[in-house]
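Listed next: structures, encoded as structure tokens.
Both complexes shown next keep chain A, but they swap its partner, so chain B is in the first and chain C is in the second.
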Partner chain A sequence: MDDIILQFINGLDKGSAYALIALGLTLIFGTLGVVNFAHGMLFMLGAFCAVVMQRILNISAVTIDETQKDFLGRPLEVKTPYAELWFGPEIGQVIVNWSVPLSLLLAVPFMALVGWVMERGIIKHFYKRPHADQILATFGLAIVIQEIMKEIFGANPIPVPAPQSFAGSLDFGVLLGFDPNVIVYPYWRLIYFLFSSVILLAVFAFLRYTTFGMVVRAGMADRETVGLLGINIDRRFTIMFAIAAIVAGVAGAMYAPINSPNYHMGMDFLVLSFVVVVVGGMGSLAGAVLAGYLLGVLESFASMNTVKDALPGIDQVIIYLTAIVVLLVRPRGLLGRRGVMED
Partner chain B sequence: MLFGLNKKDTRFLIIVVLLTLFTPFLMQPFAETSPLAQFNGGYPDLMAKVAIFGIFAIGFNILFGLTGYLSFGHAAFLGVGSYAAVWMFKLLTLNVFPAVILAVIMSGLLALVIGWISLRRSGIYFSILTLAMAEMAYRLAYSVLTPITNGETGLQLRPHDPRVLDGPGAPQYPNLFGLELNDSYFLRLGDHVFTFNVGYYFCAAFAILAFYVSLRIFRSPFGLMLRAVKANQQRMNYTGLSPRPYTLAAFVISGMYAGLAGGLMAAMDPLAGAERMQWTVGGEVVIMTILGGAGTLMGPVLGAGTIKYLENIFSKINENVLHQWFAFLPDGLENMVVWLIAHFTGEGWALTLGLMFMLVVFFMPGGLVEGGRRIARLWRKRRHGGDGGADGDELHRPARSPHVAE
Partner chain C sequence: MSRSRFTRRGVLKSGAVAGAGVALPTIFTAGSASAFTNEPTGATVTFGFNVPQSGPYADEGMDELRAQQLAVEHINGEGDGGMLNTFKSALDGSGVLGKKVVYVTGDTQTKSDAARASAKSMIEKDGAIMINGGSSSGVAVAVQSLCQEAGIIFMAGLTHSNDTTGKDRKANGFRHFFNAYMSGAALAPVLAKAYGTDRRAYHLTADYNWGWTQEESIRAATEALGWETVETVRTPLSTTDFSSYIAPVLNSGADVLILNHYGGNMVNSINQAVQFGLRDKVVNGKNFEIVVPLYSELMAEGAGEAIKGVYGSMNWNWQLDNPGTKAFVKSFGEKYGRPPSNSAHTCYVQTLLYADAVARAGSFNPCAVVEALEDFEFDGMGNGPTLYRGADHQCFKDVLVMKGNENPTNQFDILEIVELTPRAQVEYAPDHPMFAGGDLGKCNSGA
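Our next item is the complex of A and B:
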């Protein structure tokens, strides 16, 4: 039982990442009708925002401390991050330490810009082209972004630590009445889960309760009529694309402490998030979220030793297997609307 | 009238055969001593790669070019073909024929299974299904199937392999009835050196065969059916025809082509690794086909040749070479230009590939063949004046699928 609970909560944080990426993909597909193979790259760009923020905050002033000597007997060079110089050592240390949450300040405007440029520069020209062309163009874009990141940040993963205050683990089992240290859950993963829940709720609330969201939903249902009512639906869809990019970006930035950013994480998550979207149902926002969590948890269960012993290799393929079964049994996905991309 | 082809196609085939035979000359236009020698591509490894990827792309084109089904999972067949071939080398004999035959059979069987499942859906779902299948195959090859695939190390030949058909004096390298594939004959003409490699000609023979079969398929009623699938599947259904058997046949054929390519790859270099099955390799063949021109006969081969050649050349250009080239510029400018270009060459080849690919999809959806046609039409127009013969929807691109909101 404790094993099952442990795997369940372990699956939640990965599931959150899947859900956020898949939500963005579905938003783009639902609004613009474009299959965006570069969406995993947006997640990766977000993760690298965390890296950049960490580096920015660690830019240091070098002062020479005459009272101390290094091992060669020269005066010691002390590096102090500017943040500490400006805000005093205590607050400065906290700021440097909190680089990951602070990177959201960078990620949101940057991802909005990337999303807007991508939509206006490339995606716009592919509204009316077949899905195959969209896949190919965005696939090419994905390669380009991946290679640029490789060029800038190198091929190795860059570890980005979570703030010190979240370093430990929550002894989740004790809360449920199990023995201590049976079910432990790192604080940061808990934070990630809560964070992504907030983002998901915010996106849904935005679509549900604002006029803008209403117009977008109307546009998703019948773009032409909304356009005929004198509403510039294209502009709103562009904004939705930027929002989808932001969602993927902040998901990536906050995920950086869990999975050290590297240049191929975009491709890794791309395939998975597509599988998630398809399982959830193309064009269904709730489906994408549900499928994200479902697949995250399933993947986690499949990596249990008892399961692996019974079905060797299942942990490697469970997601794809699920996708294949779902697509064959229920082509429109778990929560897909009837008649949407059902062929 | 030769091999059941009409006059035009016969001429076409003969041109292709001649091009293939004289590739060692054509890809080696510069003398060894000339500074342009690094643009020579006439060494066996590269030529064989062009032939092999040409086969791969021709096969992929039979599926994608004719039916419009975009598969991202063809790398799986390439990998299975390689594994099958290396196992034949290990167990039976180092003669390449059994290896290639088994490679084709095994990948055909796998294609039958994957196609049977994936072809229940079309469009983006089909792409995702094939992607999922290939990714599954790749991951299994790395984990559970290690006894068969030798995991990360890759499957290799060992001195103590059984090789039941090989006698004691048999060659120790993949061979064609005793003629080792890495044997080469060098022809020196002045400063030029031309290499004639057994392995290349072996691959080239298969490439010509592959091209001929694809030509026949394009011209056959079967090929017409496949085009019908792409043009309008619904109308085909209403006519009382089921597209499934046709698409499945196309899928299996293209899978067998991929397996053949994989087998030949193993024959040229008897080592099979799981990275050959990664879906990005499947993406590469998509790029080749699109770059050359999907749905055209020559396109995939052109695309494969262009990409493999450029990959080879670009990867060789490092900063030193660039500095030599731009030595005539003032120093500051030279460094800037070199710095800029260096990002696109050497290690940065993939970046160039991605950009090139985007540009092609953007501006020239018909690929190189379409580009060539446009140029030819312009030229003809200028000579004759007036219309150079509009050829309508020659690419048979599928109709745009309806937007979700529609």
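Our next item is the complex of A and C:
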């Protein structure tokens, strides 16, 4: 029982990352009708915002320590972050330590800019082109950005630790009446789950309860009619693209302590997030979120030793197997709308 | 009306004789002008460096390439000479057999098919006489097989699977790097000393050739100590989030987690295991421990704080205190501003060893080089007295047991040397069950 509860929590946690990425992908597809294969790249750029913030906060004054030697036997260069010099060791270390949450301050404007440039510079030229053209253009863009990031940051994963305050795990078991240390879960993963829930709710509330959101939803339903009413739907769609980029970016930044950022992490998530979108139903925001959590939970259960013993290799195919079953039973996906991606 | 003097039979006969006449000298000249594949005829000889220049191991590949370039400089008599000052060599600093060494590079992408394609191109288009490099056992086995068919010497880079010099060994292939069996043999006594002989181990293993041989080796070594193997779980190579594999470890009754992972897999799995609080747990009255059988400096950098206090093994490390290591670290460090990794070291050494073997053999003929390398004993290359065993083309030397440094003083000393395991402790018979089923075959010169 404890294993099942643990894997369920783990599945929700995994699913929260899938849901966040798939939500952004669906926002872009639902509003602009664009199949964005560069969406995983936006997630990766967000993760590197955490790396950049970590490096900014670690900009250091260099002093020479004659008593210590480097690997070539020369006097050692000792680096002390300016944050520690300016605010004292204790506060300085806390600032440096909180680089991941602080990176959101960088990720939001940076990703908005990236989204705006991407939409105005490339995507808008493909609105009326076939989906295959959109896929080629955005996939090409993803590869270019990926290689640029590799040139700048190298191919190795870069460790970005969570704040020290969130190191360690919460003993869930005790809260649920189990023995101590039976069901424990890392604090930072719980923070990520809560963070993604807040973002998901915020996006839904924004679309549901604001005038802007109402216009966007109307545009998603019938773009031409909204345009005929004199509303500049294009401008709003550009903003939606930027919002989708921000969602992917902040998801990536907060994910950095879980999966050390590397240049190909966007590609790792890309295929998965498309499966989530298809299972959820093309163009359905609620479907993307539901499918994200569902696939996360199924993936976790499929990794259990008892399941793997009974069905060897199931952990490698469960997501795709689920997609096949869902598409056979409900060809439009779990919450797919009629007419979306249908001739 | 005149009759033609040409008959059909006459034309055929004449054609056959003329054809044979034209072909005959070619057959003889082909044999005499090129006695083996890519025999160098000009003032230069070309080495082919096949390393990952793109893909997840690109940083490791770049470090290999730096070392290979340095080796070429030293062979050609440029720079400070590096290990040629400490290794008793037949090279005189004027290239190899009077020919200046030049090189071409290929990108393996850490994919077997891409690695074979780039090696093939370097052999067929660029005339490479020897192929060196790589950061994966899958790549090493594939390229080694290609070189065997082509009549080229393959000096493997980083490849740790038992199979490279086990069931997939080839006469034209040589491995300086250590292997999974040696990791297990070196680590086991240190683990027994540190954690005792009454332990329960849980293995997470990358689901491919290297992972399987690593698991088999470390499992056999730890079970011989008295450790019990609680579970062995295979994880897909593409996994980035290991949480669903780590969660079951918590209540498995295991008190040691052995991560048979390398590269990005290792970086993520160890970080996530630490996040799950495994290292803070007390199980069976003992502190929970993590072991990473194969370490690399670059991956250790990626893992960050998570590797502190974690045991693993290495082929070589820049902190070793011997003349060969010091000479190489000085050359490499002054040129590139950082100490070399153990994959850089093995590629550097392999390039020098090949050049030296050619010089000793007095020929670039692959079969002469094979003969020169087989059962060759040497020193001054940073690992102490070393043997290139003729029976399987595996190098035998001391193995390093490492531990994540608890208090690093700079970005490079993140690992510390715990023990230098003597060569005798990691030796095994060529027909050991973990290496069985292979046959070197005969050397192929391509003639």
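The definition used in the following text is that the second predicted complex is superposed on the first by the 325 of 343 C-alpha atoms of A that agree within 3 Å, B and C clash if a C-alpha of one lies under 4 Å from a C-alpha of the other, contacts with A are read in each partner's own complex, and residues count from 1 in each chain.
The rule is simple: a residue touches a chain if its C-beta (ideal position, glycine included) is under 8 Å from a C-beta of that chain, and two chains touch if they have at least 3 such contacts.
Remember, it's a predicted structure, so these values are computed and weren't measured experimentally.
Contacts of A:316 after superposition on the shared chain: both chain B and chain C are touched.
Legend: residue contacts after superposition of the two complexes on their common chain; A:130 is shown touching chain B, with no touch to chain C. Of the two partner chains, chain C is the only one that A:262 touches; chain B does not reach it. Contacts of A:2 after superposition: chain C is touched, whereas chain B is not reached.
When the two complexes are overlaid on their common chain A, residue A:304 makes contact with chain C while staying clear of chain B. Applying the stated contact rule after C-alpha superposition, one finds that A:141 touches chain B and leaves chain C untouched.
In the superposition on chain A, contact of A:324 is made with chain B only, not with chain C. Contact with chain B, but none with chain C, is seen for A:151 once the two complexes are overlaid on the shared chain.
In the superposition on chain A, contact is made by A:35 with chain B only, not with chain C. Taken together, the two complexes place residues 316 of chain A in contact with chain B and also with chain C.
Listing the residues of chain A that touch chain C in their complex gives 2-3, 6-7, 10-11, 13-14, 17, 68, 70-72, 76, 150, 154-159, 161-162, 167-169, 181-186, 188-189, 257-260, 262, 264-265, 268, 299-300, 303-305, 308, 315-316.
Those residues of chain C that touch chain A in the complex are listed here as 54-59, 231, 233, 236, 238, 240-241, 243-245, 247-248, 250-251, 264, 267-268, 271-272, 275-277, 280-281, 298-299, 301-306, 318-319, 329-330, 333-334, 338-339, 409-410, 412-413.
Those residues of chain B lying in contact with chain A across their complex are 68, 70, 117, 120-125, 127-129, 131-133, 135-136, 139-140, 142-145, 279-280, 283, 286-287, 290, 343, 347-348, 350-351, 353-355, 357-358, 361-362, 365, 397-401, 403-406. On the chain A side of its complex with chain B, the touching residues are 29-30, 33, 35, 122, 125, 128-133, 135-137, 139-144, 146-148, 151, 219-224, 267, 271, 274-275, 278, 282-283, 312-313, 316-317, 320-321, 323-324, 327-328, 331, 340-341, 343.
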